[in-house]
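Before anything else, here is the set of structures, which you'll find just below.
Presented sequentially are two complexes of subunit A, the first with subunit B as partner and the second with subunit C.
Moving on, here comes the complex of A and B:
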């Protein structure tokens, strides 16, 4: 039992990161009805920018973190919407999806050529120590990831459902034309969504990079698992992304422990297929109808 | 007027001489992992080569000809490696240097063999030199040479009666696992758990929990550089407190840098190290640090030695003969007195394996400390 709990907590920590990234998928989906295939790279890049500010500009870590996160949110929140989403969405969702694929490659190769192809050590906010609980050793880093991610997602959920701006965001996502008639500044709400997505990605990057090490290719795995998590939980619900992320993280951990490391990637994919066959809208998603 | 004619003559002579000087260069192509899972190992190997080429060229080159070095990135992909080796041969390389990862070496070595061109590699998988390839040469000890030393170390120094084996599921890792298991059995050490991991794996939490629950006396870790660091960090996060024992890679400078505190206490056998009590290794380490601003791992030393092997064999045969280069290297013993770039007496077996002194080391306060020097197996 103690062993199972250890795997469960490790899975929840990884799943919390997937959830943060998966929420990005749902936010972009709700505002632009498309999939951001660069979402994994959105989680990879902030850590690289912070390290670049430390190594190339000689800044202390705290200053580099502020600068790196601010630069990332400006470039990949505000800039992403203005430079990629706005021009491409007029031509339909498919060109936009393809544009995000191109962005993914550019971000990855840019990080590799502009900074380093090698993995880099990334400072951790909490020590690499363990605490004992119910006979198992639990990593402080894992606890911190779970708490911080859950707080961030909880705060987002509160903001979206309990504040006026949050409700305006929801209204803009559900029916932008009606929202506009009601006087909601839809363009600003959509921009806010992209800024939140970038901030969550930066948070995920800071939490996971001490464990995975900062590397240009980190986005591949995170992006794939977050995508699966978003589909499993429901692409149009923040709480769905949260649940999907945690489920995928736990399944991944248990698969590595009880099946095989070689097949750990296959198990979440099998789950994805099962969910699509049984409940295509995801565990917590709502059915959407489209006119064609 | 006379002065103008003289200047014109000098300029013309210089212009005519330039292409001739360019032709004098000897081309070496390095096919290596500069991105992908092998980027850390490959970058060190490449930098070691660049340092050797700079040193040799500064001393007049090989038989009076300067070396022109070209690097091709394989992206740690066997298909790309095959294409790059073929391209290197088509472009007239004198010898193929690299790659470092055993899988891509296995996928590409037949191409150099067919072209009868020496391929000097950084791989350690035992199987590479068991295929009768007369053109393949290592720069590191093979697993079949290193693993008996590890098993003896586990038994005699660590006093382990049970060991958990953690290995990476690629040619390097499988070769290491297949080589260590019989040696552990011979030493009377029980394998408590046999844990396979994947190349490029990022999350080692589940593996670390497995290691902890196996509760063996020691853990033998045989992973590539980045994965070694991630595993050590995960093991620390899960409170694994058993001795971590490895072979060269686990104690490498890059692993120590990436793993941070989690690397302290790691111990094992190292084939090459800039911290070894060999003045030439330490001098290399200083030069490498000065040029590249970080500490070289064993792959940097291997890259440097690869070029030294080419230089020694070429000067030995007194001509630039591609096939002759391989013939000269096979069965040779190179001493630092003959070729300073080799740094330590190195015996090349008929199958391309190496024999030379090696070391037992431990990581203390973020630094690799050499504890003992082990003799050559067949001096």
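Moving on, here comes the complex of A and C:
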């Protein structure tokens, strides 16, 4: 039982990180119909940028973190929207999705050739210790991840539902034409979701890299789990992406412990296929209307 | 639709095959190998071109299907002692069947779910190839894959095998050329241009999208069946998800929907790296950047660009329309 709870907490911690990536993914999908196949690389890269700033420029960790995150948000929030999404969206959803695949190759190879092909240690915010609580040994890191991710998602939820800008953002996602007529700066709102996506990815990167180490190929698995989380939860819902992330994280952790380490990856994949078969709109999603 | 353009495609395919039959003379083993690899890759890209360029579906498992074909052929020819030709047919049929099984649930819902189901499938195939050591040899792979013997002629050397690949590729390309001009091909095109209208005209959307995906997957199986004897040793790494992304980029780079696009795309993806050796590992970045640039400037790819240039030179519109861009 104690063992089970330990796996559960570890699963919730990684799940919270997948949720951050999945929420960014759904936000961008909602406002601009962009299916970002580079989402996993978005989570991989900020940690690499921070390490590069530490190793190559000799900055202290905190300064490198600020610089790395700022550079990442500028490049892959603002720049991504401006250079890739805007010119491409007029050609339709398909070329844009393919362009994000090309982008994922560039990011991955860029991190490998520009920084390192080896996994790098990444500094942790909290000590890597475990505490005993009611007979369960819990990693402090896992607890910190769950708390930070929950705070971030709570703040996002508050922003989206309680502030004027957040409501404008929602309106822009739901019906851009009407939002425009009502005087909402839709273009700025769409840009805002890209910035939020980049910020969530950067946060996920900082949280996950101390556990998995920073490596150029990390994005593959993280991206896969973020997609699965988004679809399992419901493609068009932020809270769905949150629930989906946690479910996928816990299932992955339990599958690794109790089923098979070599096939742990297969279990969430099977879950994905089952969800698509029986409830394609996701556990918490709404059915989308189909237009001509 | 202008039939003369299709005859031009036919002529180009046959002429290209004749040139490629003689091309590697004096090129050496490695040069010949690269040419053969180009054609094998083009077969996989052709299939994906049908799925993506003609039917408008994103499949992220083309490399995985190629892996299934390669492993099936390798196992059948080494362990079961079956000849290459039946192994080739079985590989294609197997991928066709798996494509039907995979596409059926995904396409029931919505076309873009196919992308996610195939994404998951890609990873599953890779896990099986890596973990089931008793069958696939795991990370050590399968080696000593024999090359086929045709009418008593051995193709163990690079040149005869290359010529063999040229003939098989030509046949596969001609089948696809015929298919796209057939009523089925027209139905595929109608689906991509306007699915709802196609449905109202009596095209069974689900059956046709499923068929396009299954045929596209079968082509990956055929490509795998050629790939295994070409490299004579296979392991799971060339069939990973990133390889499927790469094949998709080749479709777009060549010109999605164009019959000759796969050859141009595979040329950019397979032969260009040999010329860009001096850039070291940066090749993939250059290729991906070229694709993004193409997608922004001309989503119809290199062939679309050429067609546009040709139209501008002739100062009059082309008789047939280039593939119309997607709107979703």
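A few notes on this one:
By definition in this document, the second predicted complex is superposed on the first by the 292 of 292 C-alpha atoms of A that agree within 3 Å, B and C clash if a C-alpha of one lies under 4 Å from a C-alpha of the other, contacts with A are read in each partner's own complex, and residues count from 1 in each chain.
In this section, a contact is a pair of C-beta atoms (placed from the backbone, for glycine too) under 8 Å apart; a residue touches a chain by one contact, two chains touch by 3 or more.
Computed from a predicted structure; not experimentally measured.
Once the two complexes are laid over each other on the shared chain, residue contacts for A:93 go to subunit C alone; subunit B is not touched.
Of the two partner chains placed by superposition, only subunit B is touched by A:139; subunit C is not.
By the touch criterion defined above, A:66 reaches neither subunit B nor subunit C.
Of the two partner chains, subunit C is the only one touched by A:227; subunit B is not.
In the superposed pair of complexes, A:101 makes contact with subunit C only, with no contact to subunit B.
Once the two complexes are laid over each other on the shared chain, residue contacts for A:112 go to subunit B and to subunit C alike. In the superposed model, A:125 lies in contact with neither subunit B nor subunit C.
By the touch criterion defined above, A:262 reaches both subunit B and subunit C. In the superposition on chain A, the residues of subunit A contacting both subunit B and subunit C are 112, 262.
Residues 33, 35, 37, 84, 87-88, 91-99, 101-106, 108-110, 112-113, 220, 224, 227-228, 231, 262-263, 265-266, 269, 272-273, 276-277, 280, 292 of subunit A touch subunit C in their complex. Interface residues of subunit C facing subunit A in the complex, by the touch rule stated above, are 52, 56, 58, 105-106, 108-110, 112-113, 115-117, 119-121, 123-124, 127, 130-131, 196, 241-242, 245-246, 248-249, 252, 280-282, 284-285, 287-289, 291-292, 295-296, 299, 325-328. Across the complex, subunit B meets subunit A through its residues 34-36, 39-40, 43, 169, 195-198, 200-203, 205-207, 209-210, 212-213, 226, 229-230, 233-234, 236-239, 254, 257-258, 260-262. Residues 3, 6-7, 10, 13-14, 112, 117-121, 128, 130, 137, 139-142, 210-213, 215, 217-218, 221, 252-254, 256-257, 260-262 of subunit A touch subunit B in their complex.
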